[in-house]
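Okay, got some structures for you below.
Paired with chain B in one complex and with chain C in the other, chain A is shared by the two complexes that follow.
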Partner chain A sequence: MRIARLLAVCWWFQLKQMTKAGLFVFTSIIEPLIFATLAYYLFKAGHRPGTLLYAALSAGLMGIWTSTLFGSGGAINFQRWQGVLEPLVASPPPYALILFPQTLAAASIGLYSLASTLLWGRVIFGIPLHFAHPVAFAISIVVTIVSLGVLGLVMGASFILYREANALSNMLEFPVWIVTGVIVPLSLLPGWIHPLSWILAPTWGYRAIHNAALGGNPWPGIGIALGLAAVYFFIGQAVVGAFERRARERATLSLV
Partner chain B sequence: MAAIEAEKLVRTYKQTSGFLRRRTRTIEAVRGIDFEVSEGELFGLLGPNGAGKTTTIKMLVTLLIPSAGTARVLGHDVVRDAQSVRKQIGYVFGGDRGAYERLSGLDNLRYFSELYGVPPKVQKRRIPELLELVGLTGRERERVEGYSRGMRQRLHIARGLLHDPPVIVLDEPTIGLDPVGARELRHTIAELARAGKTVLLTTHYMYEADALCDRIAVIAKGEIVATGTPADLKNAVADRTVIEIEAYGAPEHAIQRLRDAPGVTSVAVEDREHAQLLLVQAPQGSVLTQQLLGHLDGVRVGRVTAREPTLEDAYVSLVTEN
Partner chain C sequence: MRQTLRIFFLGGYFSYRALFNWQSPRFYVPTMLGGPAFQVLFFAYLGRFSHVRDDAFYVVGNAVQVSGMSGVFGVAITVGGERWTQTLAPLLATPANRMALFLGRALPHIVNGFIVSAFGFAIGRLLLDFHPAPGTIPELALVVLLSTTTCTAFGLVVGALGLRWRDVFTIANPAYFLMLLFCGVNIPLSALPKWMQVVGSGMPLTHGIAAARRVAHGASLSSVDGLLGKEALIGLCYFAVGYILLRVFEAEGRRRATLELV
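Right after this comes the complex of A and B.
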């Protein structure tokens, strides 16, 4: 109960904190709109109007990943610059329980991306927003956000130890879009990439969202995404714990 | 049981340089220090910049793992039992960083209350009390980015006290504060000690340590060079005299000649607006002012006075002679 409250309150606090960064929210809206517009014209040129909702959804999901990626690692460096990383680490909860609400909040900010691309598609391009399974659609979005949040936790660990881990964020944005199937369907990718896709929880979350919106069975995707998220959380908290100890040995928590 | 115990505590840092041929240099920031702070005591760790005060504090609050030696807080080992130590300590550091700038002071306090497991009902009572204690009542809903340095410092104090910890560690809390703000903060620290808290304070302001601390440890170059009450430290230089020489543009070699002069135990230099104040310590009656002025040949000299040593002189003597 205490841990659930800690996670919930810290998530809300971090969400509030991040939404006050106007530029972060602005970029998480604008970039997906550009992708959505490009995708709309590409699909239209291909005379496949039935996939327009797929394009709008995918652009939004790309935005959620970008927001998670930069929000998770960026938040740790932001804490370091503001001098709050040390007081956070010096507080009693294991740092993973402090970091997870933060990465979850970063993923949640990505909802702006999804909402804006869907609205953009509806208002500008007249894409009908008819979801095959509205309840499953909402659940699959929540599960995808959680799975991305725990993926952010695993990645965020590197920022505790390395002050220059931003390079890792920059490197991971595009490959994960490809591997999780938001840009092109997985069936079009080479076979050797598939196992990599399968172990990424967002792949299943995205699949569940697409199935819930466009028709298909979303529940296997939801279940697998949740299962993988649980595994990630287990790995993430162990890695964060080990890296936090290493950072205390190497004195990399503060700027100086 | 002592509230804080440090035994042969060592902390080294590794610095690497070079690109193709990487060179690693080991810097010893803390070199085997021992000290104990009793429950309810206000203990000062006093030393110049770079002496190892903050490194020592960071080991005690579990932010750094000691390279060797042990430290315990209320019997809990700072490495093996870090979680228990964190619950018992309130950590306050100086400077204007250390809070979520875009959020209000109240939001910051609520967030850290959750981290320290303060129940919601207790938070409702405790946060207004602390805001009152540190003089931030009425300003708590403003964003921290608009706070002055003094207000931020007071917010740090409030944050450190949220969980009502028995041990409070204050790392240079008055650094950069204006004189009025620093005096108010010292008053707050004295109140905490009166309330029975164990307080470990680091500072490089001698008068602050003198006014507040029950006992002081002087740290220089990573080693503790003296421990005792302020009166003990003053007594250590009671048999000396301090000659203050106002000089204008004294070069380093002239000051070095003074240091090397027979009978001189230490020379400290304070830079004033247009002059330097040379504080020469020597055993009483051993050095004549005229002899000292002879070493400053060619340097324009103003007022010269002799006086009894103060606690600050004791500190200067300990730091420079070690």
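Right after this comes the complex of A and C.
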């Protein structure tokens, strides 16, 4: 019960804090709208009108990754800058249980992206919003956000030791969009990339969302994304513990 | 005159050195080389999926546009970032020539933007179906240098606005990403609505990218002189607007005592 309360309070606090930050308003709303517009005109120019809902949906999903990336990658650095990283690490709960709700909040912020690109597509471009499996669509979004939150835990943890975390965040936005097939089908990518896609939970989450919205079976994607999220959680916990110990030993925890 | 040149070159050099993060390969490589390289790849694959144009279209468009990583973000941070580092007030208290002071800060970012852009082209050449004739490369380099300069002029406007609105990234981020949409980087201008074409024709890079695409396909520099002239003129306008805004915001900051607010 205490753990559930800790997770809920940290998640809610982080969510409110991020909603007020200009950077997250940009990454979760404005940037996805720019990409949605770009994808819309690109697919229209390529005479692929059937893909317009796909474009709006994909731009929203891209926004979820961007929010997760900058929120999770920057979580520890933000705490460093605010001078609260050391007290948080020194507090009784395991640090992983403090970091996880923060990365989950970053992924949750991505819901703004999805909502805004779908609304933008409907209002500005008149794209009909007909989802093939509405219930599965909602479930697949929740599962994808949880799996991204857990992936954020692994990512955020590895950034404990890497102080230029924001540089890595700057770099990782496009490659994960490519590798997870969020907008470009994996079949167009070289074969050697496929195994890398398979071990990324967002690949399966995005696939489930696309199938639930556009037609197809979303359940295998949902199941695999959940399974991978569980694996990530165990890895994330271990990595946080190991890196935290190492940062304490080297006295680099609060170095900015 | 000698002092003005000293402020222009040395001031610019030291302000670039003061971007301490950028001196570290651990920051520079992922941000300035890795990110742009993946941008080129992403849009090339998106282009293949959308069947709009070939790889060369996306490689040239994005390789030129990624110069904005330095031209927009770099200048914005250099100029707008003076406020964070609390050096803005002392800087503006000096009697230094403002033209040399601010334009000097833009100079290193033109060079850096060119390097970033060249890396984007190299990635396109190595990993995608982009094979310009070797003879076109010097002319292509000239077009890219001009485009990087106009992009940096645009960055000066963004940096000036950053002086006024405090958080420079609130302006730099949309500025960078809107270029992807309006400047014909990934969508042919003809495929955009009329009003977007009009906006795009007044943005930096639009004409430079169009010229670079033709040159990469073997056209001579003289055959694209109209496009290059427009790009240069737009760049000059942005430099002028950037400089005027900087002077206006400086005067306003002094009057309202807001130079040191962060």
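What we mean here is this: the second predicted complex is superposed on the first by the 250 of 256 C-alpha atoms of A that agree within 3 Å, B and C clash if a C-alpha of one lies under 4 Å from a C-alpha of the other, contacts with A are read in each partner's own complex, and residues count from 1 in each chain.
The working rule: a contact is a pair of C-beta atoms (placed from the backbone, for glycine too) under 8 Å apart; a residue touches a chain by one contact, two chains touch by 3 or more.
No experiment lies behind these values; they were computed from the predicted model shown.
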| item | value |
| --- | --- |
| Touching partner for A:Lys16 - first (chain B), second (chain C), both, neither | first |
| Which superposed partner A:Arg5 touches (first chain B, second chain C, both, neither) | first |
| Touched partner set for A:Leu88, first chain B, second chain C, both or neither | first |
| Which of chain B and chain C A:Arg245 touches, first, second, both or neither | first |
| On chain A, positions contacted by chain B and by chain C | none |
| Complex contacts: residues of chain A adjacent to chain C | 22-23, 26-27, 30-31, 34-35, 37-39, 41-48, 162, 164, 167-168, 170-171, 173-175, 177-178, 183-185, 188-189 |
| Parts of chain C lying in touch with chain A, wherever the complex brings them together | 21, 24, 26-31, 34-35, 38-39, 41-42, 45-52, 167, 169-170, 173-174, 177-178, 180-181, 186-188, 191-192 |
| Chain A contact footprint on chain B (complex, rising order) | 13-14, 58, 61-65, 83, 86-87, 89, 91, 93, 95, 97-103, 107, 110-112, 114-117, 159 |
| Complex interface listing, chain A residues touching chain B | 2, 5-6, 9-10, 13, 16-17, 20-21, 81-84, 86-94, 98, 245, 248-251, 253-254 |
